[in-house]
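Okay, so chain A shows up in both of these, paired with chain B first and chain C after.
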Partner chain A sequence: MNAATTTPLQSDVLLPERLGDLTGLNEFGLAGELLSTLIGAVIVGSLILAMTAVAGPWAKRKITASFTDRISINQIGPAGIGIIIADAVRMLSKENIIPENADRPAYDLAPIVIVGSALLGFAVIPMGSGIQLADPEVGLAFAFAVAGIASIGLVMAGYSSGNKYSLLGGLRAVAQNVAYEIPLVVTGMSVVLFAGSLQMSTIVEAQAEPLVDLGVVAIPQWYALVNPFAFVLFLIANFAEVGRNPFDMPEAPAELVAGYQTEYSSVYFVLVYLGEFLHIFLGGAIISTIFLGGPAGPGPAALGIVWFTLKIWGVFFLTQWLRSAVPRVRIDQLIEIGWKGLLVLSFANLGLTAAIVGVIA
Partner chain B sequence: MCVRFKLPNVTEMNDWIAIGALALVGVLIPLSMMAVSALLRPSVPETSKRATYESGEVPTGGTRVRFNIQYYMVALLFLVFDIETVLLFPWAVVYLDAIESDAVSLLDILGPMVLFVAILLAGLAWAWRNGAVQWAQTPRQVDTERNRP
Partner chain C sequence: MSTGTESEVEPELTQPASGTDEAELEALLGDRAIAREEHLNAPGFVINPNDVQAVLSDLRDEAGYDHLSCVTAQQYEDRYESIYHLKKFADPTDELSIVVPTTTENPVSQSAEPVFRTADWHEREAYDLIGVEYEGHPDLRRILLPETWQGHPLSKDYDQEKPQLVTLTEHQNPIQPDHREADSDTMFLNIGPHHPATHGVLHVETVLDGETVADVEPDIGYLHRCEEQMCQSGTYRHQIMPYPDRWDYVSAGLLNEWAYARAIEDLADVEVPEYAQVIRTMGAELCRIASHMLALGTFALDVYGEFTATFMYTFRDREVIQDLLEDLTGQRMMFNYFRVGGVAWDLPEPREEFFAQARDFLDELPAKVAEYHDLITGNEIFQTRCIDTGVLEPDVAKSYGCTGPVVRGSGVDYDLRRDDPYGYYDQLDWDVITRDGCDNYARVLCRMEEVEESAKIIEQCLDLLEEWPEDERDVQANVPRTLKPDADTEIYRAVEGAKGELGIYIRSDGTDKPGRFKIRSPCFSNLQALAEMSEGEYIPDLIASLGSLDIVLGEVDR
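Now for the complex of A and B:
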């Protein structure tokens, strides 16, 4: 871990500027800068999309199959990885059936809102190896705010489908999101107390300092190790936020068919489904950044993206593990866990953290 | 802790341009997927296909069903706490600096926020006691369950 703590985790140069230098676009003034910024955005977008493409059609099935002692997909390509392309072609070439009661503009816009909001959150995430699109001072607040936009997309999808299952699924999604948004943000705030900043790069740098120095290895000051209680609270609230087991009430296949995505078919279904995975990864990215040291890890700083990818895949794996291992809670239990349990615990955590930080400082 | 007001400089502006660029990409990706799909997919319109899905049955009644009043109650509660988190953000950012600068005592910076959160939690306790965050049962239902042999 020494190497990671001695070399700076990331340069101050953000991705657009670096691209501008590499391609020589910076010499063309404002137009060149705008173009390099756009290229940077396309790179970040494609990176996340590629990860989601591996996770959705392939990794999810493989993981679930291992938990249930099945073989799962193995026909196309090595370990069935070709299913990603096969599924993409299959889903995109399905007929798009618009239900008769659909509210047209909202029904069509909802998938865009769900996907766009999740992608936008990645703008402020430092992914290591110099891949960070923007680093505003309000980084963490921005990430939370953008992730919250998804609720609007879910309500739009649920209400505009003109289906009872969809309506109830959309309402549940929002009730769940609002119940767990507060514990999520308040627990995230206890990290801000340590770091003294909302800027993502500052939060990551603050975690690079050693917590315990054992001579050979220095255990870094990752906030998951400094405050494990907050980490667990944040994980639970995050699973509810992204609607994963045991909190997958909005979809609840046994009760609501598929919740807000019941009436979606073809490319719209792909987008809604993609949006869910993007939100799992965005949640994982926020967890990795504020609790697990972001791109920090042994080896040179250039390996940052590898460590970062490993960490968010770790969170993804955990969601799939819970999906196979934990039963779903009921809607009344869900609301009570949120408002009576996590909310109170998160405020207790914030108060205690503030008191401890205050006494130590 | 001094308070500074400054105009955003060029690098800060660049941040928001980059975020705007990703927002553009985030809209263009779904749109391009829709365009590709529009080229690939068949279109065989048929009225029965477009019927509302109700597990294969003939759809009955309107789709704007009445739903539980609790959705409204928790949304109200959320508004209160959400505005509070907005207030917590700047407080959490300046907290460490304020203590380290020795300009204010711990009690001065922690006390007001604890009091503020305590008032809100008292509100939550009241809502809790009145069943606003309890989903399923009204007091009457609870009573009938108790009286059940």
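Now for the complex of A and C:
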């Protein structure tokens, strides 16, 4: 880190501060600050949860249906969008069946850990239009760290269910996350080398400069364009990290029934299921932030949140596409790809980036 | 003809059947052949219960009878009898029946399992349903019925009227044991009977060492519906034909019906009009395509996961065939279209519309198959998953009596449509597909290419049907209202079903109902090979291998 990054550029005011100004809560000192932070968290959380609510019961079905030559839900509301409410009522009113052999409270905590870890990650994501809860200097490291907590949740869910399929799913989840977290973080580091900072806002700002100026349009310096190799590596590692095809080993329907989530029902199942989508979106958010210029896009800066949402959904769409079209690799092949392929490539990428950045600088 | 009791046997009386050098066989068996029998399909030798292994291994090694097609057990008034139906993979018309009688008091016969591994399950079934015991069998337990069942349902002294309740408490609880041995570090895992990858109610008892499969044992019988017994209580003429539809119920109905039709037509000496044979051939091949489409789609489910597009694509294309079959037979699933001596009715009117629809389907098929190759077999991940997994060596496949795409994927050139011709197949131009890969990939490719061959057959049938003179369109032969084949006539006839050799053994007892009706299910034999294919591999490969065998539990359990 050089000296420039230790005094970060705080051009944007963070969401809690702005809320504090708007409501006048700032005058109440620490308590007011806390309250405005809480309100900000509720706003961001609702935004993210609303997105998952649309994605889980509705968009996923519609996307999969169009890939698989079906119509899917179309009865409740326009294009069946009302299924979100119907599904919520259905899922929440079901009996929560807890297996006799379940190891409580680990069994009860696992869904919360899975959901919580993903939600925490969104705290440091700059979503544009001034929506960012916190902007610590170690933003990217924080996002990786909290996303990684999810594997603990998966293991908890796996072993505490008292089901052998769950156990196998949990074990697979650990093996997979360990194998793919390292390439993920190492590839992320190559971006940090470009930006010279771990701070999310700095990374986004660094991408705003034009890469090529064509006169009419300036192509921005998004790191996906600067280093497409790293972008692809990161995408692949991310799919493994969130456990989607071709790497959906922890669940592996048809092999492990439903892996770690086999024994979850009702509210717990909603949480586990929600957690999965949250992690896909968090993965999408990190990708958008460090590779796709975050909330950047044409038009006024106020539209940032729209662009950001579109980018996240693009990544989500890609996961669903892969799920419909690509076979699942075997567990040993998965580990082999992770340790022998991605890890080596990501270190090569890091070394190369370091050399190039060093020469230019 | 059956010999009745052993004392009445006169070996010299029988006429030699074509294709088999009987003198050589007699020389080979020597004194061990205590009598002769003559079945309609094959010459029979009666041997002592103690000579089973020696005789079968001699016949396999010296005379080349390397295919134990089926084991039929039955009880007469004075004895039990096990019949080993032998064939050659090189020439399935060269058949031989080895008849092993045992006394009613002590029905113990030597097991054939050390010679033919397929005898394992077949003999367990004979023990389960008839009550013949096999000495030296590695694991003589019940196979189709619960282990606490009382009596043997197809034996003479069994009370068919008395219901039996088998409660779960006296039944072994499959969820209980965690480890086979208390201090082992392996894990015992029940895959099924309710599991997304078992394609029905199959229970695979698996021992895992980490993710590696250490031991596999399929537990079947959950879908046993006494099909053999039901067929034995129906009349030949009309009451049996609806049952075959219910064996392999995933759109292979006409192929199954043909198995019964072929057996009864040869038994009762019925000549089927050529026109009806062409319709049968066309209908059967439509069923084969539908069945292979389903096999491909469900295999994709096993390898891709539940949200794959391939599954729906295959169902979309299979739906077109279902529509055609519905037009032809009036039904989508339980066709009941074949009759003894022909088919139920002619093609649907207007014929031009049916032909146009069928030709549309055939025209679009190549593009669809190409799409599947793009989507599935050309995919690198699919290839890494399927090539060299679930390996089934040709010798092992033969020993297990595997047939159909399973054995052809192991490079064994065996297809009854060509090797033991029936219907109109021998007059049409098509090829038997074999693949040397012996792995899951080879079996998938084999099915995909067979789809194209079937399309060729259908196309030629359509040409024939279109140009068939209007006054020669006989769909049924003149068959008596009641069929009563001569008493103690025995026949074993097989056709090439979607899954392999589907055979029927019938012994007539002089009435209008069969004395013994035995179904040789291809899936039953193929499924036995699962352990051989998946032990030492990973769980995903076990699932993929199971999918590549393309079993239908309705046919396994009957």
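In the analysis below, the second predicted complex is superposed on the first by the 350 of 361 C-alpha atoms of A that agree within 3 Å, B and C clash if a C-alpha of one lies under 4 Å from a C-alpha of the other, contacts with A are read in each partner's own complex, and residues count from 1 in each chain.
Keep in mind that, in the parts below, a contact is a pair of C-beta atoms (placed from the backbone, for glycine too) under 8 Å apart; a residue touches a chain by one contact, two chains touch by 3 or more.
Remember, predicted model here, so these are calculated numbers, not experimental data.
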{"item": "Chain B versus chain C as contact partner of A:G40, first or second or both or neither", "value": "first"}
{"item": "Chain A residues touched - chain C or chain B, whichever exceeds", "value": "B"}
{"item": "Contacts of A:L225 with chain B and chain C, given as first, second, both or neither", "value": "neither"}
{"item": "Which of chain B and chain C A:A145 touches, first, second, both or neither", "value": "neither"}
{"item": "Contacts of A:V186 with chain B and chain C, given as first, second, both or neither", "value": "first"}
{"item": "Which of chain B and chain C A:V54 touches, first, second, both or neither", "value": "neither"}
{"item": "Chain B versus chain C as contact partner of A:N96, first or second or both or neither", "value": "first"}
{"item": "Contacts of A:G358 with chain B and chain C, given as first, second, both or neither", "value": "first"}
{"item": "Which superposed partner A:T64 touches (first chain B, second chain C, both, neither)", "value": "second"}
{"item": "Chain B versus chain C as contact partner of A:F347, first or second or both or neither", "value": "first"}
{"item": "Chain A residues contacted in one complex by chain B, in the other by chain C", "value": "164-165, 168, 257, 331-332"}
{"item": "Residues of chain A touching chain C in the complex", "value": "64, 67-70, 164-165, 168, 172, 245-246, 248, 251-257, 323-333"}
{"item": "Footprint of chain A on chain C - complex, ascending", "value": "187, 189, 195-197, 211, 300-309, 311-313, 316, 375, 379, 381-382, 384-385, 538-541, 543"}
{"item": "Parts of chain A lying in touch with chain B, wherever the complex brings them together", "value": "14-17, 33-34, 37-38, 40-42, 44-45, 49, 89, 92-101, 111-112, 115-120, 122-124, 133-137, 141-142, 162-165, 167-168, 171, 174-175, 178-179, 181-182, 185-186, 189-190, 192-198, 257, 262-263, 266-267, 270-271, 331-332, 335-336, 339-340, 343-344, 347, 350-351, 354-355, 357-359, 361"}
{"item": "Residue ranges of chain B touching chain A (in the complex, touch as defined)", "value": "12, 14-19, 21-27, 29-31, 33-34, 36-38, 40-44, 47, 49-55, 63-65, 67, 70-71, 74-75, 77-78, 81-82, 85, 88-89, 92-97, 99-100, 106, 109-110, 113-114, 117, 121, 124, 128, 133-136"}
